[in-house]
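In what follows, chain A forms one complex with chain B and a second complex with chain C.
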Partner chain A sequence: MSSIASAENTMKTSSFSLRRTALMVYAAAFYAFLYVPILLLVALSFNDSQITGLPFKAFTLRWYVQVFNSTDMLLAIGSSVVLGILSAFIATTLALLLALGFRHEFPLKGLLMKIILMPVLIPGIVGGVIYLIFFGYGQIPFGLWTTALPVHITWVLPFAFLTLFPRMHGLDRSLEEAAADLGARPSTVFFRIILPIIKPGVVATTMFAFTLSFDEFIRTLFAIGSQRTVPVHLWSLLSDQMAPFLPAVGVIIMMISMIVSLIGFSLSARSNNSIGSY
Partner chain B sequence: MTTTNLRGILLVLPATVWLLVFSVAPVILLITMSFWTSSIFGTTTDFTLDNYRVILDDPIYFKVLAQTIRISATVTLISLIVSYPMAYFIATRPSATKALFLVLLFLPFWSSYVVRTFVWLPMLGRTGLVNTILMKLGIINAPLDWLLYNEGATHVALVYVYTLFMTLPIYLSLDKLDPKLIEAAADLGAGPWRTFRRVILPLSMPGVLSGCVMVFLLACGAYVTPQLLGGTSGIMFGNIIAPQYTVTNNWALGCALSVVLILVVSFCLIILGRKVRLNDVFIGG
Partner chain C sequence: MTANGIEQKILIARRTVLKGAAAVAATAGFGTSARSQTSEVTALMVNAMVGPTLKPIVEEEAKIRLAEGAFMSGTDTVSRLTAPGGARYDLMNSSFAFSQPVVMGASSGQERVQAIDTSLIPNMKHINDPSKVAIGQRDGKVYMVPHSWGFDSILYNRAVIPDDDAYTQSWSLLFEDKYAGRIGWWDVAHQMLMAAGLYLGHAKPEQMDRNQLAEVTKFLISKKKNVRTFYSTFAQGSNLLSNGEIDVCYGIAPMRNELQKRGFNITGAWPKEGVLSLISTSYIPKDCKNVAGAHAAINAMLGELYSRAVADGSGYLPVTDFGLKDVTPEQRKRFGYGLFDGSVKHYPLAFPSNMNMWIEAWSKVKSSS
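So, the complex of A and B:
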């Protein structure tokens, strides 16, 4: 991969190192902007104080103990995890079929692309409202599996498609054509040729899909009725009052999404390399 | 050839049907219901233009809509200024450390924006980090009250929550840049500023536009951030749509307000993104 770094090195101007230092300082400030609030949240989650704020009085684990002893919280975590797994699998499967189909020509392809992007392009708040009226008007009982699950699948589907589509598009067709020429059926070509190549990408997509579902809030808020996912639970706690255990709740949510995403990211980086070598 | 076509159609069919039911149909219902009548007895299918008339008559809706667009535009601009040097920084790292800096950039965004918004309460609150530091430094004697629950807090948090969507597409377009072009500009005697303005910036324009479209769109649909941090003065359009469902039960008016928001956002995006094709926003930046 070429980078503009090498070109920068050839630009031997007197102010070069000054600009380089300025850029370094800027990057450090930017990362501080990103991480200071998060580190503060982590610190406060261990702060033995009734108010969510400074000064840091003493180290305690009691907020975590309190959170993990709360049935509501455990139920919300359980719901979020199962909802995330189910919607990730269903959405990735639908998106995979979609990406495979997009390698062929068919009528109204451009229109379909717009329909796929629609859930992403609708402003967040409207994305929540449409489900409230849709399921409300259809008299579907609101709940995790009746309404929140389809909402999450619909939300995750475009992103899963957009991560899978470039990989499918860059795939070398000659391997499949060779297999087909040798008499392999389409399903055999898929399971024996395509799937092994794209498998790391599909796994990574599934994990991204999980975190997208796990973190989704506004659509879920309007579609879930009286049940709770973790972000919705946190929101209802926040709207009530600033309880001292809230930073611990935030840290738990953050840890779950970050770990899953990090695994997904490394898998995805590896799959990019492997596709490149084909 | 026809069998290939058929196979393509069969493959896209499940997702297409799914999206028609759970994405297209709800939007059609939204538009339809905006012409229905809501009363204390519920919503009936009687056709009316009253919902739109209410929005036009009561200046509060126009005021909040204008405020929403102003806040979203400012947030987009701040994100652009803050993110561009950062994208440039990551794009110019040697490939060995590039992945690390990218992961560091992504990591905070891999968690719910409810949490990422919530962190600004202990940052800006009376006993928050900013007040504590300012007091320790002796710059102020008493904690500042005005850091939270206003437009300023909404701006800061929206930039914090959405800036990745600006940094990433700009990074992607800078990363694709051919270094030979920069060398050529330098060889021909262009200074760094001129090289940036005449070569780097124009070539990264697709990424800039994609980022602007994404951040503007996300900010316009904001509900959580202004609700939690904006107080009464910093409210946005999302905060007047939601109560139509949670408080007053005026579904039809809520639908009309939603349609107005979609129309205005689309209009802004058409102006802003005339040069950018929407597909490019998502695929490859």
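So, the complex of A and C:
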């Protein structure tokens, strides 16, 4: 009897061990597929080779020096960062106002929701052509602030709305009602009750909006004229020449995104802590 | 790395950080007052034409600041010219044969660009005879001015394919089985079908009818098995060629120039059917904001300094007599100056009589298994 139980235990143990090994292999493969290309990009950015690829010839910083010595590239990075910050801030603010409004019932609410989400459904190149025609008829001059900024805001807005709306929708209305019962004005209710609760979501949405704007290419290409964002500048470079410094640009862009994400996480964590302390 | 080396890197880093800050400030608009003192000309043209050695020449000679837009293609350029609200560039440039019907319209009065005041472009008198065919004129007015010659050919890795290989003497290199699995095709209908048409013996491939085009399509589908990959940007093609992923590909002059400058053993073939040639032309849209600056830029690009630098700086050939000054026989051969004296056979990259049919044909090639 005890030998049967012992055999069963052994089988259970080996089955558990097999599952654990399979899980570990799966996890290792998952992380490898996710992170090895990024690590490879970092390694290639230091590769002293004219070819974007392996083998690794020697360590060099020259691609970074080349990038940082290029005024055009720095200008493009600066444009992308400023454009990203502004469009993220404006789009998140608009999305927040829309999400607040959509908590109420009003005529044609469903239709308006669809209109807000439309930019997500329109293919990028079609969107670009639409903007080109629209700004053309409006005689609005191409530029970073005149055309690219509105394009980025309209592109980012639906995503910001989709992120914020569920959070606003799930907010416990009794908290607001309680505050109002105690005499708080609507603005006080918003700034003292609603905003602190949804602040982590707002921060995360702003960061998400920034990265969306920072990466946007095809719509911007049609609307920016002779100015450049990073993706547009890279496209220009890639159109007729080799770009061995490309991995270095990739790493710099990644660093900017990581810094933005870290700031976002840090702000979110701080907001969560302050809410927890109430 | 030595201590001196590290110090130097740190100094460079400090300098670059300062430059970065200045760039960001300029982005935010702080630099606009300084900029507005120079006359800005916004231009849409192939980036290589205003590369690092060429742009300063134009800016210096024309006393302008050249702000170039992101060039996509000739198709995009003429599309923007016809877009609602106008082109919104001061200067545009694209292939004459491809753009002329759109730029100048079908008849007098339908021109989409303004007449060029040739008195402001004294260097026009230096345009060489072969390039004069690309002066777009009507009723005594000039609308398009030649800028440079380009040509498309087959690029190949000399370490793998010897120059005396018979395949390098024709477009066969790009299609036939000998280098199967080592070939890259450019993912563009116009150029690829023109090359295949020439190779299959069509005297005027741009005028192929539906049946002839179907034959060319069938041929390309049968040869697709030899293709390792299609590339969409020239950087992608150059990278594939330089890292040995492919040894043969369709290529333009700037690609070959760039690869050779970077020390790769890559060269261009001179197929007996002819390289595919084009003459780029400059034109000034009607809504140009800086007409004087645009004229000055065109004049500078026809000037001696630009003409003598353009071949080495971009791979394109100059359209003026200046460009032939002090050119060595080696440079003459390398850059393809034989186009001018007939020693290099070429065929103009003319616009197809039915482009939609060509795009449809190329889609069939791409989607075939």
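The rule is short, and it goes like this: the second predicted complex is superposed on the first by the 221 of 278 C-alpha atoms of A that agree within 3 Å, B and C clash if a C-alpha of one lies under 4 Å from a C-alpha of the other, contacts with A are read in each partner's own complex, and residues count from 1 in each chain.
The working rule: contacts are C-beta pairs under 8 Å (C-beta built on N, C-alpha and C of every residue); 3 or more make two chains touch, one makes a residue touch a chain.
All figures in this text were calculated on a predicted structure; none of them were measured in a lab.
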Fill in: chain B versus chain C as contact partner of A:Gly53, first or second or both or neither
both
Worksheet, complete the sentence: Max touched-residue count on chain A (chain B vs chain C) belongs to chain B
Discussion item. With both complexes superposed on chain A, which partner does A:Leu175 reach: first (chain B), second (chain C), both or neither?
Written reply: neither
Item to complete: Could you look at A:Leu86 and tell me whether it touches chain B, chain C, both or neither (first, second, both, neither)?
Response: neither
Practice prompt. Kindly classify A:Gly225 by the partners it touches after superposition: chain B alone (first), chain C alone (second), both, or neither?
Written response: second
Worksheet item: Touch check for A:Ala184: first (chain B), second (chain C), both, or neither?
Response: neither
Worksheet item: After superposition on the shared chain, which partner residues are touched by A:Phe102: those of chain B (first), chain C (second), both, or neither?
Response: first
Worksheet item: Of the partners chain B and chain C, which touch A:Phe142 in the superposed model: first, second, both, neither?
Response: second
Worksheet item: Does the superposition put A:Leu238 against chain B (first), chain C (second), both, or neither?
Response: both
Worksheet item: Which holds for A:Met113: it touches chain B only (first), chain C only (second), both, or neither?
Response: first
Worksheet item: Intersection of chain A residues contacting chain B with those contacting chain C?
Response: 51-53, 132-133, 136-137, 235, 238, 242
Worksheet item: Which chain C residues qualify as touching chain A in the complex?
Response: 9, 12-13, 16-17, 19-20, 22-28, 42-43, 46-48, 67-72, 80, 83-86, 88-89, 233-236, 238-239, 242-243, 252, 254-255, 258-259, 262-264
Worksheet, complete the sentence: Contacts from chain A onto chain B in the complex sit at residues 1-8, 10-11, 13, 15-16, 19, 23-24, 26-27, 30-31, 33-38, 40-41, 44, 51-55, 94-95, 97-98, 100-106, 112-134, 136-137, 150-151, 153-154, 157, 161-162, 165-166, 186, 211, 214-218, 222, 230-231, 234-235, 238, 242, 246-247, 250, 253-254, 257-258, 261-262, 265, 269
Discussion item. If we count contacts the way the header does, which residues on chain A are in touch with chain C in the complex?
Written reply: 50-53, 61, 65, 68-69, 71, 74-75, 77-79, 81-82, 132-133, 135-139, 141-142, 144, 221, 224-228, 232-233, 235-243
Worksheet entry | chain B - residues contacting chain A, complex | 4-5, 7-16, 18-20, 22-27, 29-30, 33, 82, 85-86, 88-89, 91-95, 98-99, 101, 103-108, 110-116, 118-123, 125-129, 132, 160, 174-175, 177-183, 186, 191-192, 195, 200, 217-218, 220-224, 228, 237-238, 241-242, 245, 251, 254-255, 258, 261-262, 265, 278-279, 282-284
